[in-house]
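We just call them A, B, C, D, E and F in the order they show up, numbering each chain from 1.
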Amino acid sequence: MDELEKIEGNERVYSLNLGPQHPSTHGVLRILLDLDGEYIVKADPVIGYGHRGHEKMGENRQYKQFLPNTSRMDYLSGMLYNHGFVLAVEKLAGIKVPERAKYIRVIASELNRISSHLLWFGTYLLDLGGITPFLYAFDDREQILDILDAISGSRLTYSYCRFGGVSRDVDMKFIEMTRAFLKRMEARWVDYEDLVTKNVIFIHRTRDVGVISLELARQYGVTGPNLRACGVAFDVRRSEPYEVYDRFDFEIPTGSKGDALDRYVVRFREMQQSCRIIDQALEHLPEGEIMTPKVPQKLSPPKGEVYTAFESARGLTAYYLVSDGSPGPYRCHIRVPSFGNLNVLNDVLPGTLVADAIAILGSVDLVIPEIDR
Amino acid sequence: MGYFKDIFNGGLSLIEGMGVTARRLFRPLVTVQYPRKKIPLSSAYRGHIELKIFGESGTHKCIVCLNCEKTCPSGVIRVQGEKLKEKGPKTLTSYVIDFSRCSLCGLCVEICPTSTLKYSREYELVGETWADCKIDLLARLARQVEEMEAEKKTQGIAA
Amino acid sequence: MSEGLLGSELFRLILGLVIVLAFSQLNALFLVWLERKVSGHIQLRPGPMEVGPHGLLQTIIDGVKLVGKELIMPLKADRKLFFLAPVLVFTPVLVGFLVLPFGPGLIIHDMNVGVLLVFAFSTITVLAILTGGWASNNKYALLGAVRSVAQNVAYEIPLLLAVMSVVLMVHSLSFSQIVASQKTVWFVFIQPLACLIYLIAATAETNRAPFDIPEAESELVAGFHTEYGGMGFGLFFLAEYTNMFIVCAVATSLFFGGWNGPFGISLGIPGVFWFLIKTYFLIFVIMWVRWTFPRVRFDQLMNFSWKVLIPLSLVNLVITAIVVKII
Amino acid sequence: MNCLSTYLIISALLFSLGLLGILQRRNLIGMLISVELLLNAANLNFMAYNRFLVSDPVTGQVITLFVMGLAAAEAAIGLSIILALYRKMHSINIEAAQKMKG
Amino acid sequence: MKINDIEARMHSKFPESPLNRDDTGGTGVQWSIAVPISGIRDAATEFDAAGFFLESITALDFEDTFELVYHFNCYEPGSRASVRMLCGHDEVPPSICDIFRGAVWLEREVHDFFGIKFSGNADMRPLLLPEDADYHPLRKTFGKVGAYHKREVIYG
Amino acid sequence: METSGLNFILQAAFWVTVALTVAGASIAVFPRNILYNVLGLALALTGIAGFYLFLGSLFVALMQLLIYVGAICIAIVFAIMLSRPLHMEALPRPRAKVWLGILGSAVFFIGAVSVALKTKWLPAAGHVYNSSQWSVQNIGNALLTRYELVFEVISLVLLVAIIGAVITAGFSRRISS
């Protein structure tokens, strides 16, 4: 390290602007890199290019009007964000949700989680230079989007959940489609393992790259698959089960070292676990209402606050809503997982190669608009 | 010997990967040539909103209550109505949406007391100017009514 | 005067060059199309379909578009070198065609040092890439250029060593003699290791995935040609594909029996077709590899060359030398 | 054109250009480039003499090849010294190298 | 359970501070404690030592005061705790960025949106707002002014 | 008639090569930009390879390209990239040094040219130019028979040089990832 300091401040170090427009920054992220040759001496992520003021919008809107905003924060797991928001508001207003709606929400959320992970899988391989897995993953993701399109009517920003239920009931066709998808994925996992997981080049590119130690992860508040890759089985679906997650039998995959390969494996196995959850939920999907009948159009929850955490595709996400009794929140704060996941890169990137930096950046699965909010 | 084993296993994994791509070479394609071939829309598809045509009256049922305009989070909808008679409901004179700002949340459809709003099945919505994104729903309705009548006529002739 | 070398051959050379120019351009356009088709079908999509039957004319349209584009140069770029580089990158590529044995007698200039000629000129490509990368005055381009140089230094050695083991067997540096001596048995069966090393090193030489680190899209945007647009980019692009053809053609002549059919069976097909079939098959393999694997990292690439390819090719060369001496 | 003295004059020109480079440059890599020019001028002479005067056809060529080998060695060593110097002094100017004495 | 240990510790450390417990999990936070401005560093040190991580820092803007809310959590089920701290509109709370490294950005974000400066955080450049931003959008006085309450209106 | 036309082309080619070589050498020496120098050197070396071709030895010409352009120029470029003099401010050349250099090289040039022109060069006894004798086989034979010792020594020198270069430049990275 002392040698590193010696090199700083002389003409060897030059800076490189990675982004805001770069093929691998996934959105408008800019990282100011100080490089020595191809080694990174210092990394300073610059964010905020996609800041839209969702929190301020939340304060100026009614609860239901803010719902469409939520899926635009993390557009890759819009269903999960919708889901979390309705959970928060239901908790705040004390609305009960019918069982069927709970199951449907879980199925839709898990499908969305798989689609988000599949997109990450594809783009991560794209970052590493493999183009074909990206298109295979998108092929699979397309199936999920079709399923979600069939129930919600849109493919990315769903606005499917409602306070007290969901907006549309599912039919047999949906169940068939989902089952067919689960069956299809069985064969695909094998293909992906052959094509990517076992690939010697891939393993060499990711093993021991971008190690986030458990202590570092804790310091920065890293959550989600990135944390689980460090060996902690921390998942909001398990630690504070919401909806009906406590009724399902699923594992929380963990890694050991916290390197990029572990993060990859954890996400990969998480997709398989999500499939298991969906399978069980389809099995036990009850009949009945999908909407609580007594939810007023203009919802005015009582005074108070609620902090509702849920597991989005990227980690622990939480809505912090403070109500003053009016139809809109007094304060609407969103805790986003990518914030900590990007922040930790301040410590992880220095000392790595530019090529590694791309591999690390891809492996933590950032969605920049989620950070910018 | 670990050296040669690594090389061998590495090579094997590469060949396995090539096997996966090679198999795909002979599978049917999954994409379609879009403008020539179109995929059927899902039944739930939500395009921009439009006014529903009710069979008995052959027109919409908008009562200009302005609920949709008020509930829209993005200020998409502009509704204007006039009182044609001294007593009685207002009549819709203009219903324009600015689709470029719409977030397709569907609040307007849900809140409409007469259920006269519905999602269209329009998805080819390219525009070159902001003005192209402004959709006059009344004009659209008139067009649709005309088309329906024309269709009825041809059907009548055929019958 | 050295008429023996330059005299009567001169007109043939010039004629050959004209044909080569035409062929290489058409071939490169075809290869670009082929690459798109191969990648498309591997990825379960049709590839270009709109222009011409199955998009066959797509690359020509693209070429016309590239020619029509404005030549944009970054403000502080080095003007002379910036425009020199794309031209420079194309010249060595053409020289390679001079000695390629397309068929028996179908060779522009059958030199007794033909193999050497191809590799002597191929190094100029690196200089051109470097010039282009440096002249762009762009850090990504410069990084790509530096990577290209380092990669070239590392892969030239196993490439030449692999070729040398074949040369040792034939006792000749002339392509036609090398091909002629594979009448019945192709050298790929006698020298499988050398063939593999040659193909790997050649992939690296032509900056093809998984060794495309000089232009690594996800890391360096477009590497050394980041700042090039229009025909500047077009020339780099064409040169890459022409280079690929040459490398595969050389592999065909060195290891896959050139114009000879397998095991001396020609099936009545003219030699030139055998040659082209095999070359295009090798090109297909290289494309297939590109659309399958992720990119290796820069230092892993160097390690792979120094720790695996060079020792193996050296051992292979020594064994070949001993065996040749004994026989 | 193709006679001995033409080559000799060209080689003399190259040599004096190389000499000029060595004498006036401060950049060590620039000096190395000039040295390469000198070696090539000598090589050209060898080849020309071999072609026009010497009875044995290979001597000049072989010597040229040897000089090339030596030039490669010289370049390798020279460049590595320059790199080492650069790491130490952060400069590749000849004045920087002079600091090393004594 | 770590959460009970730390609750006892916090209680003994800040004996006069009100501590709200939510056993039903209705608000998503197991318990919350209100600390004075000077106490936040002590509290954060305790949480750090107990192996908690910092989930979020946010602020509420009231007519009379800011309220900073720190959410801590650990890797055990149901262990979220919040530390609340009243902070006058012109007060400068101490930074905890040397205790939790991730706090640097969280505090920067709070500074962006509310204009609360943290003493001890050297990096106070705008994070999400433009580099030259001199406004604080989440203050209730910014932009369209809606409801602007005193703290007791909501928390009694 | 055809031979004269051919001769003209050859003549032209020769003088073009001369021009390129001299231009390359000048670019290698005069510009302050080190990358220009290297490219100039590459051009001059390619020109010299052309001369070898005119002198009748294709093999040496190709070796010239392979070793000088392909290896040495690339190595120099590599060193340039590693030491990054491009980003440094180029110091002005001392005027006295420049004049001294010009004077020295001019004196040498005049001397060498006058020697070259005044000497009556006589081919050695038994000199016959025969292109068939200038073949690769002959060179190879000579290398491994008459010049074998020199060949071995040069190989050794190269090996030592490579090892020395590796040690001097040092492969160790300053920052380990």
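One rule holds for everything that comes next: a residue touches a chain if its C-beta (ideal position, glycine included) is under 8 Å from a C-beta of that chain, and two chains touch if they have at least 3 such contacts.
None of the values given here were measured: they were computed from a predicted structure.
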Leaving out chain A, the still-touching groups: B, C, D, F | E
{"item": "Chain of greatest Cα-centre distance to chain B", "value": "D"}
{"item": "Selected interface, B-C versus A-B, where C-beta contact pairs are more numerous", "value": "A-B"}
{"item": "Computed distance of Cα centres, chain E from chain A, in Å", "value": "25"}
{"item": "Whole-Å gap separating chain E and chain F, where each centre is the average of the chain's CA atoms", "value": "72"}
{"item": "Distance from the mean Cα position of chain F to that of chain A, given in whole angstrom", "value": "60"}
{"item": "Two or more partner chains touched - positions in chain A", "value": "11-12, 14, 132, 136, 139, 195-196, 199, 201, 353, 356"}
{"item": "Numbers and ranges of chain C residues touching at least 2 other chains", "value": "1, 42-45, 291-293"}
{"item": "Residues of chain E engaged with two or more neighbouring chains", "value": "none"}
{"item": "List of chain A residues in touch with chain E within their complex", "value": "47-48, 51, 53, 55-56, 59-60, 91, 217-221, 232, 234, 238-240, 303-309, 316, 318, 320, 322-324, 326, 328, 330-331, 333, 335, 339-340, 343-344, 347, 371-373"}
{"item": "Of chain D, residues touching chain F in the complex", "value": "1-2, 4-5, 7-10, 12-27, 29-30, 32-34, 36-37, 40, 43-44, 47-48, 50-55, 57-59, 61-62, 64-66, 68-77, 79-84, 86-87, 91-93"}
{"item": "Touching residues (chain side chain B, partner chain C) in the complex", "value": "7, 14, 17-18, 20-22, 24-25, 27-31, 33"}
{"item": "Chain A to chain C touching residues, read off their complex", "value": "14, 16, 22-24, 38, 125-132, 135-136, 139, 195-196, 199, 201-202, 204-205, 353-356, 358-359"}
{"item": "Complex contact set, residues of chain F against chain D", "value": "11, 14-15, 18, 21-22, 25-26, 28-29, 34, 37-38, 41, 44-45, 48, 51-52, 54-57, 59-60, 63-64, 67-68, 71-72, 75-76, 78-80, 82-83, 85, 88, 90-91, 93, 97-98, 100-102, 104-106, 108-109, 112-113, 116-117, 121-130, 133-134, 138-139, 141-143, 147, 150-151, 154-155, 157-158, 160-162, 164-170"}
